[in-house]
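Each of the next two complexes has subunit A plus one other chain: subunit B in the first, subunit C in the second.
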Partner chain A sequence: MTEILEQRKKQVLENGKDSYALECGKASTAGSVSQRACVFCGSRVVLYPIADALHLIHGPIGCASYTWDIRGSMSSGPELHRMSFSTDLRENDVVYGGEKKLYAALVELIDTYAPKAAFVYSTCIVGLIGDDVEAVCARVSREKLIPVLPVHSEGFKGTKKDGYRAACEAVFKLTGKDPSTPVSKFSINILGDFNLAGETWIIKDYYRRMGIEVVSCITGDGRVDEIRRSHRAALNVVQCSGSMTYLAKMMKDEYGIPFKRVSYFGIEDMSSALYDVASFFDDPEINEATENLVRSEVSALLPDLADYRRDLEGRKAAIYVGGSFKAFSLVKALRHLGMDTVVVGSQTGSSEDYEYLKEITDEGTIICDDANPLELSRFILEKGADLLIGGVKERPIAFKMGIAFCDHNHERKEALAGFEGMRNFAREVHASVTSPVWKYSPARLAMGKEARKGGES
Partner chain B sequence: MSDVSVQKKIQARPFASTRNACKLCAPLGACFVFRGVEGCIPLIHGSQGCSTYIRRYGISHFREPIDIASSNFTEASAIFGGRDNLVQAIENVSRQYAPKVIGITSTCLSETIGENVPMYLFDYKRTHDSSDLPVLVYASTPSYRGSHMDGFHEAIWSLVSSLVPCRDEGLHRGEKERERGSSRVNVISGFVSPEDIRELHEILTSFGVPYTLLPDYSESLDGPSWETYQKLPEGGTPVADIRAMGEAMGTLYLGKAVSPERNAGSWLESERDVPLYPLNLPIGIEETDRFFFALERVTGKPTHAKWKKIRGRLVDAYIDGHKYCSGKKAIVYGDEDFVCSMVSFLDETGINPVIAATGAPSTVFAARVKSLLRNSRSPCRIMDDTDYATILEVAREMSVDIVIGNSKGLYLSRNLGVPLVRCGFPVHDRIGGQRILHLGYRGALNLFDQVCNALMQSKQDSARSGYTYI
Partner chain C sequence: MLLRHTPKEVAVRSALTINPAKTCQPVGAMYAALGVHKCLPHSHGSQGCCAYHRSALTRHYKDPVMATTSSFTEGASVFGGQANILEAIQNIFNLYNPDIVAVHTTCLSEVIGDDLTQILNKAAAEGKIPAGKKVIHASTPSFKGSHVTGYSNMVASFVQHFSENTGKKIKQINLVPTFVEPSDMSEIKHLAESMGVKYVMLPDTSDVVNGPMDGKFRMYPKGGTTLEQIRSMGDSIRSIALGRVGSMAAAKLLDTKCKVPCEILDLPIGIKATDEFVDAMRNAAGVSVPESLMLERGQYLDVMVDMNQYTAGKKVSLVGDPDLLVGMAAFCAENDMKVLHVVSGTAPGPKFERRIKELCGDDVIVKTGAQADMFFFHQLVQNDRPDIVFGNTYCKYICRDEDIPLIRIGFPIYDRIGHSYFPVTGYRGGLRLLEKVLDTVMDRQDRDAKEEKFELVM
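Right after this comes the complex of A and B.
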């Protein structure tokens, strides 16, 4: 059994048993095999869905290769974001500097692809070799008459969270630039939704049915022109708050736009997201439309969930996701399926997040920050989880342990947001948990789980 | 996909930037080699993201746990050096995984700030009881030099040159070994699939001689379902087998895109007088014949009759399918050695490779491809240091029937409206990438069926009536 590394002991606790506050927000322990990525990753995933912008990665080739077409973010129009552009720095550039190459790359790519704006991501070595990325961006911006925005995302300068911040700082520079386009008084921006498998479209449709105008989705199915007028919206609605709250705060300070943190996963959180927005505007028509919408969606959804719940009742779940806000929703969503969460952790949660997780989970639930594969496999085994919710890196852990898996990460191809997302979620969990393949899993047979449960389903 | 609308504006000029890269960075190749050594965990000396990205990229292809540690640079380590992080990483990874070997790679970051990892390791070993330490192997893999394939060969070189005893220590024993007729053979497998490595095992076993196959991730990156969680999956070339490479009668190095200074086969030849047989990856009849011939020469034993039978079946399949393939135009892309051998294979089936492309710069790629085009009747555009966007632009100027290579070629196949046969690395959008067989006569049979069937389906799909017999 894996011993938890000394430096990480306080980053794991058992709810009800350990009284200390969970340590978090620190750099990953060297050699711990963290599931986290880096600052660059944080910036890249947040800005990725802005579909009519050029995303140029300044550095050696790896960072661009590993992020080509990485998210399932859909666009209703241009798809420039699905191309991977890199300055592909070589040894000579490292010796003599990469500014010339960066300039040439920006000019040729802007001439060729006519983007509405360009983001230039600095990777690890850019600062070390002395490139003045700001100056090159400013020059190209002057010459090509589009915003060219540096994103300070050197991998080692913090954690993924710092990358979110760098992304927010870059995108903030686009806001406040279009004062003329008229905007409804009942208007919002959607922050922190990335239109994975078309999720933004689902959410946008709810707001449309409520009578609320969405000015910009900032990122999901994002367009530069929409972001340029986003400062005119009445409210910022922030989901995936770990990544975009910083932008919401900047927009509040600069333009006085209040913001609300919401989640679009699960029934309660999805409903309260819509009610929270409705109550902000406090308009009788909007209130009524919202009530109708929630009522009709939920009443259509519940009978479907009941079917899934029959098979899932009493099963146990482990959750390991990037941001802990999503974990809150998942704990609640799993309850609707009759499932208890026995392990829950995230890469980048804050102490308040973890305190809240303590409140909403049962005694005995393991809560962990910045876990690694060996810890996760140990917790899953100890707690007898039947399902792991995570991303691609967690998937083989689940499968090798002989338990079900649901992909809730940014590569997913199933829409899991909104009421219909909850239905998809239930279907996906059900399909994996009740699959007949577990009958053959040596791990399941060794645990005696097949004889006890799998045989019936 | 994305650049369809703006395509007209693009001119045939070289870009300063790389657009949809057809290569990966060096640490990736090194990490997979290290995963192919028994009890070895890779450790990347750099930012946390490097290990996570490489893990994710590998997991999507192999669909197996791929644990890679990181020394997790911070701003302080970038300024003051990463020695403390590296030491902490070695100790933590040892504590958690109890590895037999730690395969350490550098990154663009650690190389740029001039980290002297060999010195760190020397000091570390000096101050620690060696009996408790795992074997520490270091591969220098700056991501700004070469591609993942350079990292791959570098890691092999570092394993061999640091584990095989040098002339002074070992020659006497090696000589004796050979005098009494050792028939040991070394095979360095190239960046091939776990299924390919299993095929190599079967071939080598059939010669009935002891052998070292390096790297061997046939189990560690494609294992069975487990009973209990394995910290480090079973399988991999045992360290003892690597140490024994100096005693072999010959080294078959599959793949020629290796720099002479970092060729583990050359090292064995110069340090231990083990003759080197540089070979292309044995894909297709011609290259597989060469491989068996080399094995016969080194071991002094004949090829087992079963391979001749399979070869016969392959010839039979080529004949059965030749009319569907004849004159069809293919795009082949990927790493240099993979492309060269695929060109050789396609050329012998009557398919004309019209674009042969590789992402890394190479001075010999064009000559290698030309020498392997023995039958093709169409001119072939041979491009090194290129990317998918450029390949697509060139392909639009010609008519192409099929795209053959890793799943990133979807970008080409979708835009050109022709089928994609997935092989090589990575295969991220299908299951079973790790089980694709390319090597040997059976590999050629598999590839031939895939390619032929894709062409037949294309014909079927485009025929109004569809055909139930083709």
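Right after this comes the complex of A and C.
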């Protein structure tokens, strides 16, 4: 197999050949072109969709600039989250501390925008210069009578996963605050969907059709008041397990709310998500509604997929995504399109996740944790992938190599969740794989020449 | 109304930046380092910094952007990042085999106080840097300056580490462009080549971040200034720096360190600044201006004259990086457009405001540095309603809300292509800019004209 950094050898394996358990959860090896981000990034992406909250980034300007409206987390109402607020710490503040600036910024912002709550993100240097962010938040909270929540997201304090955890801790402080608004006994919270391209709305609609009340979405199209009463839902349904399981566990311990882990990508996983939730309530009406919903959606979807499948049968895919749960669903979804997964990796998978990936992929599939572009491009070549599924930094690598690409990350333009998401996914993959542009790629032209030569001799 | 949150009244803010019109130093340093051949930028800080900068540059250029990180952990932030970078250097050379590693710092490593000179000396002494390979660094704390400062610091660092005065002059001139697109770097080279001037340009991101699709992923694309070229800059007869804020540091350093005299010019945007650049090269290299450039100049001037009635009196607002703003202000003034506002998150010093006022007159509103952000810029636009806004992608919120056309220029541009391939500098760049302005103005006129005033011939 391709040359790999010594320290990373155990983070890559070939299914069927290598028997060791994949190492994971490690900080990226220093000096690798890691595709991973930091603690702050993890917190920021999780909390960002809460649209009526104020998100203030306490640190130098960069962290605010790079996260200004870069995820398409949609809101059906307020859009305060799409603004970028920063204390823009300068040298003086680094020397003398940024607490005064933070206080003044918070007061000014709360007076101007009257948000329902405020999140204050600590970036790397806040951890070093020793600002007492907790104290400033507590003071402003007392004075302005809204929750002002510090998010301990100093970039160096771990991996993106630790950022998810810091975000969960902040959100958790909002829960359990509204004891009076009536909530149905058939009710859930949607955890871990961020309403990219409007996906939360699709999922919410399915639950509505099943007769289930969605109390809150944490955090897609999120609202502070909904989160305040989220503790009264009967069940937490957790997607993107990497980011939100921690919150679900806290809510279970504190409020006794059980949780289920689900995925909304692909036909099987989407259907079982709905059936799992229905079986939890075990109500005949809900059961029937769920069956009807799945039947009508799937029977409408399958003929469309068959059309795409004809062209995609036998093509090979490489997957490199953030969370491993998404990777599971993608492997299965690609099978529906007749495509084999020959490379699959994630930024934040656990060792159990990778064991499961071994089960659902074929022998010879490369499985990797925290890949870098050089490795990825070599795996792709080695396994002859026709498609790469990844995020912003992977896209140009695929395109330079002359293979198709599907963004399954922040920059997805179409909803990929739910049954209609599966249809969009198939359409997008099909469009990219079968695009005429690849015909003109020098690599393909050379391959064509080779093939013709072979035929002649 | 995405920006319904922007009140029209301009209030004084002291502690707060809303919707920044700048970003931090390291991304500029990373971009500059990409403009050196077989150089791998390295971010000495948390791995998020590196991921964000790579994402930002990838979104802007739609090309792979390679850089490595020291991946700081909690331990590193207590005990310093020396162990991380030593490990990183070894891994980088083992796996990616660059010729040069260009380390830039981050707010984190700066506050910790890592002494990179000492650490890198140690790495060399311990044999961690293979023979013939180089590791250099630039100090780029995020809490000072902006991405333009970071770019400038990294370019100067290349000069500091590599350029030598060997005592044997080479009949070549140094060209040091400020933070501009690869297309502009190509255009600047085109001007020099047309005049038959031998030159070294540092940095040169053309053929790096606007590379062709050829079926291969390349860790190190074809373009970029070579190490040999950077060395030879110390023996050049003259340096011409284009864009004071981003390029002056390197050019001045070539002067003090290697005794290469320098000229600091504005970015060659618009006819006069391009003339001045051409003239500077003519003087420095003792060549004459060829017919081909006179033709390019003449064609641009011809369109300026032909279409002046459509640009005259148009009100414009500019936001972006200082060097680009000076160029754009000149371009607008030459075409008789009225510049209302000039805003930059980067604080370029008092000369900047003077220069802008020289070009646009005294009633232009100039604001830079703290609180010169998109929020403030939006308030200006709301109050004075220009005909055109020039700025980066983030202006689209403002322009959509106010129904004012936006011409994208600067960094970042996440939502259009073109900047990678078509310049705004030189005579041809001027023509392209003017075409953009005319398309914008005339499309509006066609859209808004009363039926009886709707014109076929314009």
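The criterion applied here is as follows: the second predicted complex is superposed on the first by the 443 of 457 C-alpha atoms of A that agree within 3 Å, B and C clash if a C-alpha of one lies under 4 Å from a C-alpha of the other, contacts with A are read in each partner's own complex, and residues count from 1 in each chain.
Keep in mind that, in the parts below, contacts are C-beta pairs under 8 Å (C-beta built on N, C-alpha and C of every residue); 3 or more make two chains touch, one makes a residue touch a chain.
Only a predicted model underlies this, so the values are computations on that prediction, with no experimental measurement involved.
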item	value
Clash or fit, subunit B versus subunit C on superposed subunit A	clash
Partner chain(s) touched by A:Q35 [first = subunit B, second = subunit C, both, neither]	both
Touched partner set for A:A114, first subunit B, second subunit C, both or neither	first
First, second, both or neither for A:A138, with subunit B first and subunit C second	neither
First, second, both or neither for A:A431, with subunit B first and subunit C second	neither
First, second, both or neither for A:A21, with subunit B first and subunit C second	neither
Touching partner for A:I397 - first (subunit B), second (subunit C), both, neither	both
Touching both subunit B and subunit C, residues of subunit A	3, 5, 7, 27-41, 59-68, 79-80, 82-91, 93-94, 101, 104-105, 108-109, 112-113, 123-125, 128-129, 155-158, 373-374, 377, 392-393, 395-397, 399-402, 441-443, 446
Subunit C residues touching subunit A - in the complex, by the definition given at the top	2-5, 7, 13-20, 22-24, 26-27, 42, 45-56, 58-59, 62-74, 76-77, 84-85, 87-92, 94-96, 106-108, 111-112, 141-144, 146, 211, 213-219, 345, 370, 394
Contacting residues of subunit A [partner subunit B, same complex]	2-3, 5, 7, 27-41, 56, 59-68, 78-91, 93-94, 101, 104-105, 108-109, 111-114, 123-125, 128-129, 155-159, 372-374, 377-378, 381, 392-393, 395-397, 399-402, 440-443, 445-446
Touch list for subunit B against partner subunit A, complex	1-3, 5-6, 9-10, 15-21, 23-25, 27-28, 43, 46-57, 59-60, 63-75, 77-78, 85-86, 88-93, 95-97, 107-109, 112-113, 142-145, 147, 224-231, 389, 408
Subunit A residues touching subunit C - in the complex, by the definition given at the top	3, 5-7, 27-41, 59-68, 70, 79-80, 82-91, 93-94, 100-105, 108-109, 112-113, 123-125, 127-129, 155-158, 373-374, 377, 392-393, 395-397, 399-402, 441-444, 446
